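Letters A, B, C and D name the chains as they come in the text, with residue numbers starting at 1 for each one.
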Amino acid sequence: MKTERTFLGVPIVKPKVGFFDLSSCEGCQLQMLNNEASLLDFLSLVEIVNFREGMKEKSDDYDIAFVEGSVTRADEEERLKIIRRNAGVVVALGSCACFGGVNQLKNRFNDLEWVKRQVYGDFPIETQEAKPISAFVKVDLEIYGCPIKKEEVEKIVTKLVLGQEITHPNYPVCMECKANENVCLFDLGEPCLGPVTRAGCDSWCPSNRMGCWGCRGPAPAANLKQLEKIAEQKNISKERLLDRLECFGGFGEAAREMRTKVEGGR
Amino acid sequence: MIFKVFQAGEMETLFGLLSVNRIVGPVEKGRDVDGKPLYDFDVVYDFKDLKLDYGQTIHSAKNYFLPYRENLCTFTFDNGDWQKEVDFGADRAHVFFGLHSCDINALNKLDKVLMGNIYPNPFYGAKRSNMFIVGYSCTPTPSCFCHSMGTDSVLHGFDLFLTRMGDEYFAEVQSARAYHILERMETREPTHEDHLHFRKTTSKKRSLFTCEVDTSDLTKILDMEFESEVWEKWGDKCLSCGTCANVCPTCYCYGVEEEVNMDFSHARKVKQLYSCNLVDFAEVAGGHNFRPESSTRLKYRYYHKHRGFVEAYEESLCVGCGRCGNACLADITVPEVIASVREGEK
Amino acid sequence: MENKLQFVDLATSHGKKNSHPGIEHFEYSYKAEITNLYPLTKTEKLYQIQIVDPRERKDFTFQPGQFVMLELPGIGEAPFSISSSPIRHGDLELCIRRVGKMTNFLDRVKRGTKVGISGPFGTHFPVEEMVDNDILLIAGGLGIVPLRSPIMSVLENRSRYGRVDIIYGAREPLELLFTYQYGMWKQFDINLDIIVDKADDKWTGPVGLITEILQKRIDNGTPNDFRKKTNAIVCGPPVMFKFVCEMLIKAGLPMEKMFVSLERRMHCGRGKCCRCNIGSTYTCIEGPVFDYWSVLNLKEAI
Amino acid sequence: MKVNCNIDIKHLTRVEGHGSIQIRIEDGKVRKANWEVVETPRFFEAMLVGKHYENAPYICGRICGICSIGHTLASIRAIENGFEFTPSEQTGKLRILLKHMETLQSHILHLYFLAAPDFLGVGSVLPLVDTHPEVVQAALRLKLLANDMCDEVGGRRLHPTRTVVGGFTMLPDKYQLKNFQQRLKDSLADLTASADLFATFVIPVFQRETEFVSLKGEGDYPFIGGRLVSTDGVIKEEHEYRAMSNEYMADWSTSKLSRLSRKSLAVGALARLNNNFNGLGPPAREISEKLGLTPVNHNPFMNNVAQLVECVQVVMQSIEIIDTLLDTPWQEPKQRLEVKEGIGVGAVEVPRGILYHCLEFDKEGRIKKADCVIPTSQNHANIHHDIEDLAEWCVEQGKNDKEIELIAEMLVRAYDPCISCSVH
């Protein structure tokens, strides 16, 4: 690592970073390329040494590993462990890596054989329960979102390079939604997980009049009990609320409990 | 004060005269599930879009003088040294067309904290000094309780205040600027009948309120009920989402964050309006949180507004606009909370 | 266009009638240089900071107990008590513990770094009013930092005060701050008692709670003097406040002669961000130094 | 000298997803020539079972990070067809506009970031930042324009937020549309420059007779819905998509594979162009002819050129669409629709080819069964057989192993495969 610059007199090294993908849509990596306007600045901040989707050269000498996707097969577990060994800092990039993402929706059937048959019939295929990467290795930092928000990633990576502690907003999406002066989705008769979901996306979905699906997982003080009451009062079925709570895996146990309730009620 | 009367049709002329400036006013933002219109303040380009007979807007107009997010300063780095540049974030004057008396009173209250003797805030001041306010009389909605807070009429803080009286408007003119603008329209001097009519109109408005808050001895009651269990009842409901503070015309507290550009050439200090209901509002070094439960945070909001501010300025920091109660998904409303605290848990 | 409203530029209207004096100074920070820094313990460092402009430096005055906002551009801004003597004006010493975003970065900067300083803010310990009286300074942990300024002030005017006691407790000997100054304090006829929760091999002093020493001090003094002549200055973690202050009250010390310095989260120091509110009192303006009577009247203060 | 090589490329770079190439040639004899798809399956078709229909577009968009808009639109179309609902004309226009911009952004990404480095002899776009700054800047400009427009119309460039069953949650700002139209017009200069650049690239003259499958357009190009056609003369309706894709499994691939009249088929820009050359507007046609692409072209490497031609086509068409949108007042963004028990198919031409979603509902609108046929999965068999033929061709041409490795990689990249998408 060569020292290239300083900030307030403190030497700042340009870290070598690698991007890695497990089971995912690779959208989060693409978001990095979607940074057209600031891509070049980003490249001046870090040295990308491994990015299969974008470059041919690869090196196992990296300081920070951004891992996208969840683990759904044994070989991914192995790859992940190697990445962990090579990297100083492992960053879970996006909801798949943080919570299992949409991939974990198949877990809800508790029957992998059925799942396999549903798609591949009798053709033999290997898969296991979709899990976040933290189920296998120590994760140093999580960047939430499906997809990740480039402005947020840039901010986080700058802090990472500066060696600053990284904290996520502790308030729910509503806070940002109101600051964007949106009309509340509940007023429009739509469900929204904004009141319980961790902010940081700048109320991406509600600002487009789409209720939040909770891709960033729960806010620290998430009051799910009250959300259920609100939905009930607004004539939004438990199923619709559940569809959202379990979509990205962030609400884990709470969503599973609710599924039991909903299925019991059917 | 100088009063004038003009024909309802002249309203568009007034709008036209002012439209060389940027006009902010109530517009329709959509319809709710029941088809009821939803209003908010926005820039108005066309008189037809101005919905003067709005009941209440979802948000207050504060984004124009107390933005949710604001750059406090910019740093430029050069060779180990840095320069700091401060821009108060105002570059033009705005016309606020159609503010109700509650919102103008809210501004007057904010002035006391933000423009008072102790460290007046120039970011607010710069915008506040560039507001031309056309007030507009309202019809109370079911959630308005401004009369309880003494803010159903406003005595100062505007340029022009208009009250609809039949086919005419009764205008209270408070600034020379407003006077000169009215000179360019067709107006007449009010007669004695007009005065009576005006008084009848305002007293009729007063009779339309359906929502009440008993504020007598409230500061003391809040102290007495500090340990009351009612707070927990409300705390259980609260989502700690900050919606109430965001829509409130008088909530002004904030947090600050700094961020460095990716090329390290610049940095910014950004202010973001915060809310005392958010979980980390009162967390300090070492992780100690002075208000870890949502009930204590919610209580604090009432404390600040209905006790602390009263102590400091002899008036409450709540104008009774009802927005926080309307916006709160958990249906936590000021009148209900205060009533329950008064009664104590039974 | 006669209907065009004239833009009032607050940034340039300074000095004109109706404009607030110094309004443009709200975000103003003095540029200051870290002239020296050295570790006091594993987590605390002493920073000597000098306002760069000589005039500004001279004009910068403060009272013991006040704090400044220290800004590391792009990293953060946070309140710190001034820990040096008031006669040194804009040549400050801050003792800072590494706890989070801004302080961790501060820990990495070198001598010569330029920082921003604004303030001084807040109330102070009324040392002037304590002249001819005894002073009892009680500090727990980092609480010694804000007390160092009144200590200096008293040392510099030693003849004007009666008996001066410092009772200082820390968790372990390695956490003690300003150890190199204890000798000097003692030479200035100050009774210095130090106690730790847990001793190490080298520690020969007392082990236990601050309250034990305090009790001895109370028992040894003449009760009358204590009630009439003593002022107490207390600073430390919230739990300590409670015990110490209650003990002092029991010993007959009037509440308005007990002063504490409180810590809250602060983002402006200027009574605008509300983050430091206790009940609804601004710690940054009405505090951080409060007399104990006020503290009792603040809900959820300690 | 006899050609000898042993190429084993595990997890091919600069493609979306995980695939491997193996070629073993001994003494001029091709012993092995394989395209292998090792991507982990995610089981979207199972995930959807039991979910309310409104989940389908949202979840299916997550099949792919590049063509999430296409997937979202395919699901929406399947649902709307299932409920026998026809979207408003305005919705139709906005959807095409959105899809055009996805096509533009995806093609530019592929052409410049994934394909061009091979032609310029570098490992990634990164060195080009210094050596060919104008190329990189043009690519970034085009991509930014496309992405910005996706934000404006679809709410988000990736995993759109405004696209819902029945229409849109929100409409774009007309003032912004006007600005975008201007930017689109300005972008033609960058596209012309791109054409000039690509004209300098040496495209391998490899050919293999292939059956090309795509939608047949009646106006728009490329399209949402319509009839399915192949260059071998097969014509089917949208709901008969299974007869067109004929999915099967093979042990070398975790993705399903397709065939029609031959052992494999191809979809994508080249297939669209081969089937709809007459639907191109004059500027696109001109560029196509200039770059030597006329139907039916059987060189898979020409898919790159076809993508470039399509970029011009979608830009021209978008300019027109914006004109008509600006001329008509906004209607309601979204219509209500009746939930019905039944089955619906949505066929959409997404950047990599024709995409089918088929959804079956119960009377409450819950999904009973889901099937998604992805363009890349339809191409896999063709890629595989292309690699076989390419190996032989390389032997004939006497290429060395470095050259073979590069050209094999280039071939796979030319298909712009979206592998994680194909093994959804």
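Heads up, the rule we're going with is that contacts are C-beta pairs under 8 Å (C-beta built on N, C-alpha and C of every residue); 3 or more make two chains touch, one makes a residue touch a chain.
Everything numeric in this text was worked out from a predicted model, so none of it was measured.
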{"item": "Contact-richer chain pair [A-C vs B-C]", "value": "B-C"}
{"item": "Remotest chain, chain A as reference, centres from CA atoms", "value": "C"}
{"item": "Centre-to-centre distance between chain C and chain A (centres being mean Cα positions), rounded to whole Å", "value": "43"}
{"item": "Computed distance of Cα centres, chain C from chain B, in Å", "value": "37"}
{"item": "Approximate Å spacing (C-alpha centroids) for the pair chain A, chain D", "value": "26"}
{"item": "Separation of chain C from chain D, taking each centre as the mean of its C-alpha atoms, in whole Å", "value": "65"}
{"item": "Multi-partner residues of chain D (each touching 2 or more other chains)", "value": "none"}
{"item": "Per-residue multi-chain contacts in chain A, two or more chains", "value": "7-9, 162"}
{"item": "Residue list for chain B, restricted to those that touch at least two other chains", "value": "77, 80, 82, 259-260"}
{"item": "Chain contact graph, described as a line, ring, star, complete graph or other shape", "value": "other"}
{"item": "Chain B partner contacts - residues on chain A that touch it in the complex", "value": "5-9, 12, 38, 41-42, 44-45, 154-155, 157-159, 162, 170-172, 174-175, 178-181, 183-184, 186-189, 194-196, 219-221, 223, 225-227, 229-230"}
{"item": "Chain C residues touching chain B - in the complex, by the definition given at the top", "value": "1-11, 20, 23-24, 26-29, 73-77, 97, 99-100, 103, 112-114, 116, 238, 263-265, 267-268, 270-275, 277-281, 285, 299-300"}
{"item": "Residue ranges of chain C in contact with chain A within the complex", "value": "72-75, 100-101, 104-105, 108-110, 112-114"}
{"item": "Contacting residues of chain A [partner chain D, same complex]", "value": "21-31, 33-34, 36-37, 39-40, 43, 48, 51-58, 72-73, 76, 101-103, 105-106, 109, 114-116, 118-120, 123, 125, 127, 130, 146-147, 204-205, 208-210, 213, 239-240, 243, 247"}
{"item": "Interfacial residue positions of chain B with respect to chain C in the complex", "value": "17-18, 20-21, 72-73, 75, 77, 80-82, 84, 86, 88, 90-93, 95, 113-115, 118-123, 125-126, 129-130, 132, 177, 180-181, 184, 223, 226, 252-260, 267-269, 274, 276, 281-286, 288, 290-291, 296, 300, 303-304, 307-309, 311-312"}
